[in-house]
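First chain written, first letter: the chains are A, B, C, D, E, F, G and H, and each begins at residue 1.
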């Protein structure tokens, strides 16, 4: 609420056209529901264009059920839950209508019919082991209505596999480059396309990969323009951001 | 060039409607000019939508002059040069028409009339010391025709300064959050807006800021969705990416 | 014992009003009980205002029982034991009267009736996963007679949740800010209050959170004044220190 | 402003006892002055009990003069400026009435008569080289009206020097322990006193001290209760926090 | 395909001696087989002199079987699979003819009769615990037809064991030095021989070995000439490279 | 063998008083036994004053049995084996006469009657959890005939416990200081004694102790003279070195 | 000297055909000249196939002159000196015949006519700023008689520049890949060639390149086979090793 | 002072044979002189067998002069000052009789005639650049009356230089191994001798030596027994400890 809006609202209070209680409600900036174990941001759909997402890793099945039910009972039609293990998903599914994908570990509660209409997001991986992170990105992007093209196992040590798919890349509005080990995929892709590249370092590797640090540093130092980086293994973050950019 | 295009071009060679030499030229994928000290990517404007940019830090004034002149003599109307010291800029300016800004250390060679027409990019900084990096981002974005709003010194330890500018943030199509020390600006901004946030950690700070590492890690771990990160002090990268997203 | 006290005590020995044995005892500065597996600091209650606390992590149930019993048999009315697993607590409870809380993993041996009288300590967390560390702080502070207000899941990516509780924060004599990932909570809270803020980084997070390092660095670099930091996940340390400050 | 206050204020608007303009001003939460190069937090004195402090390191003499003058012309009687080099201080002193101390690099603008009335803060250092950081803490604390006792060069490798001053420590309401190298001072002091200990790691040392990292980690891992840590070399932060605690 | 070849091929198309389809196939640079879970590089044998190798760690038995069968059904006579656990090997062996070695965790699918004809590769280890990594190198080198001499447990703290084998080392065309802990083996060996030394740091050790980091840094800093380093525990990489050098 | 000895030996060959074969044997500097899985240094007793010790961690029970038996069958009267788990010890004990201590995880094969005659080695620990590492040091030192005094749980946060044992420390010829967390014990002890102090950092701790890194850095930066450091948790190394120094 | 040679030499002593003094000289394994400031390895040419090289960085002009003159006066025809600044080179050139190259900072003392006959070594760099390190490698390789092809500024963000030079790479017997920032060049090149690739990380970059650490980790984690790594900026090491491999 | 001594002293007070004042003096454990800028430990000669040493790095010439004069005026005959630059030494020499060595940067104030009588300390370095650190160790040891043998430039990449000096090493009572880069010297020496080895990592090196970290880790992980480590470049610490051990 800006100064002018505030002034006109207060004038409405002054001239009696707005009740004090109504004004109080309007002024209290952004409400949320406090359900003891969490403060659910119910206006996030309005403020940020997307309902709150549940990060499943640190939560019990019970906690997830409680939060999901609260959200479904209120405004939400469906709820995206990330990082859910098979076991936890099965437990949650006893109480909540749930779709679950064991590769991406993404669960979707409620009635959900993805549209996948928005322009192309291309998701490329360096190897086969990066697929789970890539799928977290892909299914997140699809949940938000994006059309996703998968380009897996196109790592830079066989650069012809990338070049052979230059057309697919050229058709992208955003590219997500998912790679562990040396993480060079982001730079090579970044040099081939004319759109934003979201780099996702993965913890795939051993020894001096130091849990994804090598790929992370590599991607941050990319000499290609238009590349930015999210946290190690953060497929959700990349998919969500790609959807945001795709909607511009 | 895709398979079908290739096939039809080869058919043209077969039926004589295209000469062999012409075909050779077309097939040689992406040309560049080799001027001894550098291989200048002359088709980048076509392939990536923006001419090659010169990173001035590791180059002598002579090298910059040579590259700039080559580019201006060929297709480029103007050339963006980043990380140029005052001294180097003065030397280059003896041989090349140059605009120079000493805060951002950005130089622009050639005839350049920025349009600044594309929708809003908001650039926020945590403090006063982050301004040089922010200006590198701002002037890069302006070079590529974007409208930029500056919101400097709105660090999270006085969060009302940010909230007071909620409207400015709400009007952004992309936000660039520039901060050193604890780098928390990106997360708070990320929670306030409905658009991509590009986080730029800076090397501003001392002690356990470890040259920007603290801000970098903080930004990578942001719990706000829609945030991605570029290298420490990489104002150019953020400005360029913001322009890309703003053009979507 | 200072020089003057020493002189007057020795004069008492010289004039026979104090026996040699008594003097020996008084001079031996700070006694402790050596029970083989540990040297229990029996005068700590006098010297530091609080009995020694048992750090349960590296100790067996047997060792804990031995130390607790020794303390209860001597001066202590109750003993605080931190970092006790459910299993260990159950084993100890067979031999010692014990209250146990499985979230904070705190056990209290002996007869304990917390007073919770001293002015307000507010404990805020960034998310739901930070609650166990926050509870270790909260229950420690309550054990020492402090009144604790909990403000959980108020992370900076939804800064309105914090602002909505500005009053609660304003009423605090000390605030404990508990957060993992980017750890920005401490800075935002630090800018909102006029009292000491104790920042507790947690190991909550993944990837580039590096086991709490990101939050730790972020908190150490806080640009808000009045913020200090304890070890990663050190809820006890924060609760104890908050109690000390609250008693000033 | 809380809900009830808001309601009663709005009622005052509704019944005409408060003008709309006045209400607008009251609602705009926390104002600040925007002087182009900085957003000066003019209500900080009210909100946090102390005027804004200028961190001098990243600012030019000109910038400091501008900010100081703006503050003095408004509410402030004096302004604390930290990390000011001798040269910069001399330049600032041409335009602003300034007291300067070259050891602590602290400058105070305006008319300032420290009271030094509040109870004891003891500041101890491990060695002679830690004195500049200690003095930054000491003079900050004195600026805010605290009585400071200095205990320099009492490092733990000659622990009798500490013990010999046990009385001084016992009389403290807060202790600031300043040490580089192995940073053990905080733990030993922490075990001797019954009050909060603020540990300040310094960058004093060489080799494996890694710019203060060794002392920092050592202090964070202190096995003594009541110890918290600020950033490497952050004397100001320690002095400010000590003053806050001393005022409880 | 170089420019001249391209020209002459296009001329062949122009004069009809080459069909358009044939030309398309030739131009498509480097083909691969896309079998859904992986893009198998079928021309690698031609391009790089060795068939693609399967890194078994991140793959299920099913995935390995699918890839191996595809390769055997096409050009490959045998397939090298590294980092295969005993259990996975047994599962794969149900569907594929397999030789397995549990020390090196190397599996070889298909009909394989190693020749071991090429000149000497000497593989030395610092201790007994480094043998698994050394065997991965040794059996990789043997797979590619090299003659391998093993020199195990010749660490530098008993340097006479190395000197006593000076002759064996002198006969080498390449030496692979495998060591954990302080990793000094590479330097001492490097000073004794007149051939390339490939250093393999291992994760053997504890405490400040930090998972092989100590050995890695030590080897990178080797003051002996002719030493280069591969990733921690990367026996395969060392064996493959040694074979390449041995074939020069 | 020095030049003069070599000359006189060669003269003996020249005049026939020494056979060629005998000379060959003498010249071959330091022999060892190659038992396939290891190269046992049989002359180490002569060269270094102590038989080779078996580091049990990376070895199977079978390997240990083989090496021990070979050593006992040759010159050794007993063999020290470190880092042996209870299970492995029981398996070895089926084939070899073995004494085993489960705290230090030290096993001694063969007939062993420790003398414990050599002057005092004092072993101090910061806490109870450091005892296993301290016992590895203590029992190693006792194995080599030293008299060991244990001073456990005397950490610096209760410095009176150390001072109360000043006499014990004063009587030491070497002190071993074992501590995790902040590792300050070494510095305080180092300032109290007039003999070498061997500092052993332990991995005891959590959070920012980073597996012993904090204690390690702290000890390396000790401002007390006469302190040196061994690897994290390296009780054996400290005990062995202390014995060496004690024998001077 | 091996056992058989030793035996036959001793037999020669026994039968008088070899004098004792002569034998002593022969047995003294590898001689060196001790010129006070250094122990020059005069037999290295024999043992390792190349004379000792002087690392100029830590040495004064005087020390270099002394060592060079000693070497030239004895067996050496020319001496390679690395890391020599312009100033130091000029000082040395007053006393020694010297060729100096200011880009590579390589100096060659004595009469030197490089042959450059041995098969191709290709040296590629990611950017222009990597050229000094590349030239150190190139001129080292040329000094040892190798034919070197330079391929500068072919970084992976414009991968067509590399592909366009596929033929040059295909003709290499060894490739040296020199790159800073993300260091991805090594992986891409490694996937294109059938020969050893020596990766040289450079300290070129800023922010999260951490002085070459990013490129170093990236190269160590290369998913291409046949890649090994030398120290950051170690052009000499790469050039020397390439020459060794090229001579196989 | 132990309990019995205390008792008998107090009895003496009781029976009048000891005055109260005398008793006070005796009880005050360890005195020091407080000269404002430092607390000089005047009894250290008694307690630790060596006068306090001045670490010159962080001190001004004035401060050094003040401390030295105070010490010389009291008990000390001479004072050892380490890390003194040429310039500072010259300034100090104006007021104090001073011997100065510019390689080791050691200054000795007062009348000093080193005896160099105690048994052999051998100091070995890996290279020429390690000599300044080695000389700090050597001259410290000589100051305390030890006989020192220097063995410089015997790095492990030319291991025959070490073996050739095996006799010198064999005659040592303590060895100090000084090395940068890979720091392997300590391990090789440790395996050759039967006495304590003090390892001193140096900051000599570049790239991945990370200011001595590589050598430090290498030495801490030494597989040779009897090796302990001091801080990077800490020649004084090694020399002092060696002297302590040599005096046992």
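Operating definition for what follows: a contact is a pair of C-beta atoms (placed from the backbone, for glycine too) under 8 Å apart; a residue touches a chain by one contact, two chains touch by 3 or more.
It should be emphasised that the depicted structure is a prediction, and the values quoted were computed from it without experimental measurement.
S.K.: Which chains does chain B share as contact partners with chain G?
M.R.: In this structure, the chains that contact chain G and also chain B are A, E.
S.K.: Pick from E-H, B-G or F-G: which pair repeats the contacts of C-F, with over half of them the same residue pairs?
M.R.: Checked against C-F: the matching pair is B-G.
S.K.: Which pair, A-B or E-F, has more C-beta contacts?
M.R.: Of A-B and E-F, more C-beta pairs in contact link A-B.
S.K.: Find the geometric centre of each of chain D and chain E from their Cα atoms only, then give the gap between the two centres in Å, rounded to an integer.
M.R.: 59
S.K.: Between chain B and chain C, what is the gap in Å from one C-alpha centre to the other?
M.R.: So the centre of chain B lies 49 Å away from the centre of chain C.
S.K.: Could you state the distance in Å from the CA-based centre of chain A to that of chain F?
M.R.: Those two chain centres are 54 Å apart.
S.K.: Whole-Å distance, chain A centre to chain D centre, using C-alpha means?
M.R.: Whole-Å distance between the two chain centres: 41.
S.K.: Enumerate the residues of chain H that touch no fewer than two other chains.
M.R.: 28, 127, 158, 163, 191-192, 207-209, 213, 216, 220-221, 225, 231-232
S.K.: Within the complex, which stretch of chain C touches chain D?
M.R.: So the residues of chain C in touch with chain D come to 2, 47-50, 53, 167, 173, 191-196, 198, 216, 220-221, 225-232, 236-238, 240-241, 244-246, 248.
S.K.: Could you list, by residue number, the parts of chain H that touch chain E in their complex?
M.R.: Contacts found on chain H: 126-127, 155-159, 163, 181-184, 187-188, 190-192, 205, 207-210, 213-215, 217-225.
S.K.: Where on chain H does chain D make contact in their complex?
M.R.: These residues of chain H touch chain D: 28-30, 32, 37-39, 41, 44, 57-59, 63, 201, 203, 211-213, 216, 231-234.
S.K.: Could you pull out which chain B residues touch chain E in their complex?
M.R.: 3, 6-7, 10-11, 13-14, 16, 20, 23-24, 27-28
S.K.: Can you list the chain F residues touching chain C in their complex?
M.R.: 127-129, 152-154, 158, 160-161, 163-164, 204, 206-209
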